[in-house]
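Per-chain numbering from 1; labels A, B, C, D and E assigned in written order.
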Amino acid sequence: MADPLLQLDGLSKAFGAHQVLDGIAASIAPGEIVGLLGPNGSGKSTLLNAISGFLAPDGGAVTIAGRDITGLPAHEVTRAGLARTFQLPSMPTRMTTREVLAAGDVSAGSARNMLRGAAQDQRIDQLLEMFRLSHVAKLPASALSGGQKKLLSVALALRGAPKLLCLDEPTAGVHPELRSEMITILRRAARDGTTLLVIEHDMLFIRQLCSRCIVLDRGQLIADCAPEELEKNAAVVEAYLGKSVEKGKTAR
Amino acid sequence: MIEVQDIRAGYGDGPDILGGISMHAHAREIVTILGPNGCGKSTLLKTVAGFVTPRAGTVRIDGQHAEAVPIHEKVRHHGVGYVPQTDNVFRTMSVAENLLMGARDLDRQTREERLDAVMAQYPSLANKRRRKASALSGGERQILSLARALMAGPRILLLDEPSAGLSPAMMHDVFDAIARIRDEQDMCILMVEQNAFEGLSISDRAYVLNLGKVALTAQAQALLNDPAMERLYLGGAPAE
Amino acid sequence: MSEFLIHVAAVSCLYGILALALNLQMGFSGLVNFGLIALFGCGTYGAAFAHLWGWPPLAGLALGLIFAALMGLFFARLGARMSEDYWGIATLSLAEIMRLVFTNEQALAGGAQGVSGLPVSFAGLAGQGAGLSRLALYAALLAAAFVLCQRITRSGFGMALKMMREEPQLARALGYDLGRMRAIVMVISSLMAAVAGFLYAHYLSFVGPEQLMSHETFLIWSMVIIGGIANNWGVVAGAFLMQFALAYVPFVKDWLDMPSDFVAATRLVIVGGGILAFLIWRPKGLFPERIGGSHG
Amino acid sequence: MTRTTPALATLLAATTLLSAPAALAEITLGAVIPLSGSNATPGEDQRRGIEIAVKEINAAGGVLGEPLKVIVEDSAGKPQTAIDAARKLVTVDEVPLVIGSYSSGITLPMGEYLVQEGIPHLNPASTSGLVRNIGDSSFSMVGLDNVSTEFAAKEVIANGWKNVAVLAVNNAFGQGVAQEFQKHLEAMGGGVKTSVLFTGGQPSYRRELQQLEATDPDAYVFTAYGTDAALIMQESFELGLQEDAPWYSILITMMNKDTAPEFKQGLSGMDVGYLGAGGEGYAATYEADYGETFLSAYGGYAHDAVLFAAKAIEKAGSTDKQALLTAIRALGDEGFTGATGEIKLDANGQRMSQPYLKFKVEGNDLVQMD
Amino acid sequence: MIQFLIDTIIRALDLALIAVALSGVYSLIKFPNVALVQYAVVGAFVGMLLQQAGLPLVLALPVSAIFVGLVAVIFNVLLFERLLTEGSAIALIGSLALSMILSAVFLLAFGPAAYRFDLAVAPAMRVLGARITVHQLSTLAITVAALGGFAAILFFTRLGREMRATATNKVLASASGIDTRRVINATVFLSGVLAALGGMTLAMRGSVSIDLGTQMLLPVFAAAILGGLGNALGAIAGALVISAAETFVTNTNFGVLTGTDFLFLPASYAQTASFALLVGFLLLRPSGLFTSEVSRV
């Protein structure tokens, strides 16, 4: 394996007495598409927050492309090449889709661009087209459907040409048509060299897209395998279905 | 006991989250609502409960219109109990106080009796009756929340993901408790659940939602034996 | 043109600049600043110090701008860790501290009695010339401030500000350094407020701590809320509307033969009532924000 | 379009108001005095003085054959409001002369504005030494602090109080009094242990009083207005400060009216003489019109300012600014007798001689000592 | 030292009732209601009017307090419930605007003068060398009784339980059958009562003028925020800290520093002390001094 793009070493986070992340260690190589799985409350979103700088981890380290980004604020993590989306993308009510896309280019926020017009029209038109959002370009972004918001947030995340894109449930609540659109877009991004880390519940999606899965349960990494092997993995089946659980066997 | 007809609902000026849903649930029945994140499960439960007023359609409880009845009235006058998903206890208050909150309208004697009954039923709570709820474990909180809802003696129980964040062992305890409540108290239970297999194993019927619509409805056993469940429990649309 | 009309129009222009500054903070960036008057005060006291120390007036302007930039940066720094209502209270406190210090330190710009006798700009011109020249200068500066604000809010930076205002979480995920953006916005708008303060000092010929009362901040708030939050045209209109409304209260008093407390009370009612009425019945103001204003 | 309608309507209405001119041929003067704010009591007294003066003049046939009118504006005790009010008087009402205001903090900036506009200014009440520097078209009808504090310092020494604590209101007037008083007292061999300046309008002055008390003075010397002074006296009584050492008030009439008798027993002080020779008529009219005695010492000066202005206009023969200024100077040179005695102005346009009176409190009233 | 303690306690009396009211309401409707300080002034004026109208003081106090409680509820229903749907900052601005309007009403109704209750004033008693007046003692008693009563309601009554429940978890509270709107208005009523008592006890110790509200605003906020907004009883501790800081600033003779016998800071710097404390505090610990809850991200 090449030098890992993302390296997690013993990442931990607790809320009060509740250990949400318990020494997560994993690595992702450039170009991989990795699924991040686990039942509700297993710590997936917390892990994403800890990686992307929205939460300072209590312990451990996060390295991206050889650079230690542990504890850096979110915007610096993003500038280091890691983009992310949110599970429930909430969008501005007083900006249009087009304006949101214009703001998606982070260089807009520098003082140099203060007096320069916002819309570099062509590039934004292309994006709107590519993400099937042209017809809603002039609507307030908050008025988009859940699926359109997810597409918009992926479009925003991809604008900065990130090295690693972390997606939090990109297809949940997305209409089937847009869903296949989303898969196409993510595939293309991967082909263009973006590494993907995807939280997803939809196994179909995982199988279609991911080459590898890592599975969390109660803050611990319990599996790291190909998607096909998930069903055979006793720990995963237990975590998800609780099928073979016998009392007393559970951890803690 | 619960009858929902063609409801549409959403938040603020946002789009419809529920795009015309009809469903029903009877006494002595556990009905589970399944579906991927963002499909509208919780919104449906909240609309039935009265946190969200539907934009169109009707919600009937015992045959009476109840679309515009806020949750606190439903709890007090329509025999409804509601257990939220997270944040389901009063953290700064003791276990006993939490339980008493569930029995506001009862006279002192009934209240004490129910309290004793609950304590007898859930010994884990009895040991901690003076402890603050914030000191309880996740499973204990879930049980406490359930017990709190039962204190008022409801006939309908609305549960929002009772297994969220619980270990399998605790989850078993909680689901056992829920099934017992149905059997012993002839309760009508409407439950939103992520954990499809566990949820279905105690349910009578289920609705699967997708994108704000009912995608599938069936007997729980039938769904459990459906080979498509492997995909379903992980949230995929069963239509594929 | 009546001289009084010129006077009111001139003051309206200065308040228009203040309203634009507040709009940049509050309307576009979501910064609930209740201490705006302190930034204005940097300008007035810059002028006062220059006068006291015998410096040329323009040196006072430079002084005021430096004070204002520093104060704006400090405000922004405070805002980094607070929710918006806490920040509002903190900025209000800072403005009050400034007022109390200037009230009590006689060695510092005369204490409560302030500094009077500042040269009035264009005082040498005869007749209405002085008034009209001032009006022209203020109007030109207002127009410049307006163009600046318009350019900023329609630029990519403006989009970023709106993103910060509405979805700070998302903005951070996009790589925006919100602290830096807050600092930039605060400095720009502080400088605008200080320019208005400097001109005001050389218009009134007097600088005193009474000018820093928090009511003055709320007057500017009323202009923004009534005119239309996040609409540059709107807030300038709001500034003129409020100034004219307030300036004519004494005439209404004469007309209706009301007691003298009427004037002070009516001003409070116009400002407070204006804010409340608009918040309740027309929260977007007379000229609502144009969504999608940056294109098409 | 509909959006702009209310704004336009307001503007239109306002402009209509503006353009309605005073149709009657009148001689109109302006006055800016505190009718609201913490100096509302002396302000009201000034307003009464002005009212009486206008009545007197009009009863005697007016000025230059026209009826006299004084437009009274509220300063609200704020420089900004006062200047705006003066601006309105000058630019809208186009008065040839403005009288005002009460406290020096207001009079100074307003006077400077008037000087810049070239409008004659008569100061009827402010006694800060800084008033002298306002400008050459500004004139004072009242003597300034350097004179009054010297009088007070002499009194204090004469009473045998060597070391005193000074309490003064934190404004231009109070600051001036405290500084001047200290200067004079020290020149006479006394000393000021501490000078505390207080901000008016507080619900309690315990803190300031305790600061004074900590210095253990021979006497407390203070100057304060109206209701603030009333509370100070009440609290000093409550705290027992009045048992420890005597209290002496500079410009005692400013505070006497509002203070309840039980809190000011044994209080003494000084003030400007508010009645000169020939002032009895004014006092009688005042009591007849308002059913009470003077609210402060300053009504008489405002009254005299109006008489002085009217006489100057008569002298000038018109309301032309230059002619009026010349007339004022001439009148100041030759002297003019009003209710407060003879008003003669020095080269700076300030009143030269000023009667001062010693007072002590008896019951609720001030009794003049010789 | 004794005098310092007494001065601190007396100043804390000025702040405590209003700060507790502010914090109590904040715990339920998450915005700092600036108008509360004006409710205190309303209470004082109404109390004085009632006394003038011939009501004995023991009646005037509670009647005025109840009146102000009702006024607070009316404003909450007519105004703040609507504004809160737009966000807490909007409601905060609205409460500032309401304060201005109330100031205008006071100005027209009472003018700028200061008013006092018609109470006999006696020279202070000496206790261990420190001065205490009768009215300080009686207002201390009223304040302690009012705060005790409020604490008793909060911890020993059904309403109090419902208030705490609604404050900790509004959703769950309504799911338990609590009409949270009614509970909120009950709390608003109590806050009005406390604020009015605060205003009246201030007026009993000194005097009340229309500026009182503005002068109390920031010290009261400083106390409430220091105590952790929303933690009603923390506000009492906050009031003590603020008043100790203020008293230190004004009671200390800084003469030694300058080599003069006596040098006191102007008493209005007391306010500066509390604001500076507040700003410094907000910088270091934005959630307040006495917050016990671990906030979850």
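Note that in this section a residue touches a chain if its C-beta (ideal position, glycine included) is under 8 Å from a C-beta of that chain, and two chains touch if they have at least 3 such contacts.
Because the structure is predicted, anything quoted here is derived from the model rather than measured.
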| item | value |
| --- | --- |
| Third chains touching both chain C and chain B | A, E |
| Required minimum of steps from chain A to chain D, each step between chains that touch | 2 |
| Most distant chain from chain A by Cα centroid | D |
| Contact-richer chain pair [B-E vs D-E] | D-E |
| Between chain D and chain E, centroid-to-centroid distance (C-alpha), Å | 37 |
| Approximate Å spacing (C-alpha centroids) for the pair chain C, chain E | 30 |
| Computed distance of Cα centres, chain C from chain A, in Å | 43 |
| Where chain A touches two or more other chains at once, by residue number | 54, 93 |
| Touching two or more other chains - residue numbers and ranges from chain C | 103-104, 261, 264 |
| Where chain D touches two or more other chains, by residue | 36-37, 170, 197, 199 |
| Chain A partner contacts - residues on chain B that touch it in the complex | 13-15, 17, 36-39, 138, 161, 163-169, 171-172, 194-195, 197-198, 211, 230-231, 233-237, 239-240 |
| Complex interface listing, chain E residues touching chain B | 158, 161-162, 164-165, 168-169, 171-180, 293 |
| Chain E partner contacts - residues on chain B that touch it in the complex | 49, 51, 70-73, 75-76, 81-84, 87-93, 97, 100-102, 104-105, 145, 148-149, 152 |
| Chain E residues within the chain C interface of the complex | 31-32, 79, 82-83, 86, 88-90, 92-94, 96-101, 103-105, 107-108, 111-112, 214, 218, 221-222, 225, 266, 268-269, 271-272, 275-276, 278-279, 282-283, 286 |
| Residues of chain A touching chain B in the complex | 18, 39-41, 87-88, 93, 142-146, 169, 172-176, 201-205, 218, 231, 238-243, 245, 247-252 |
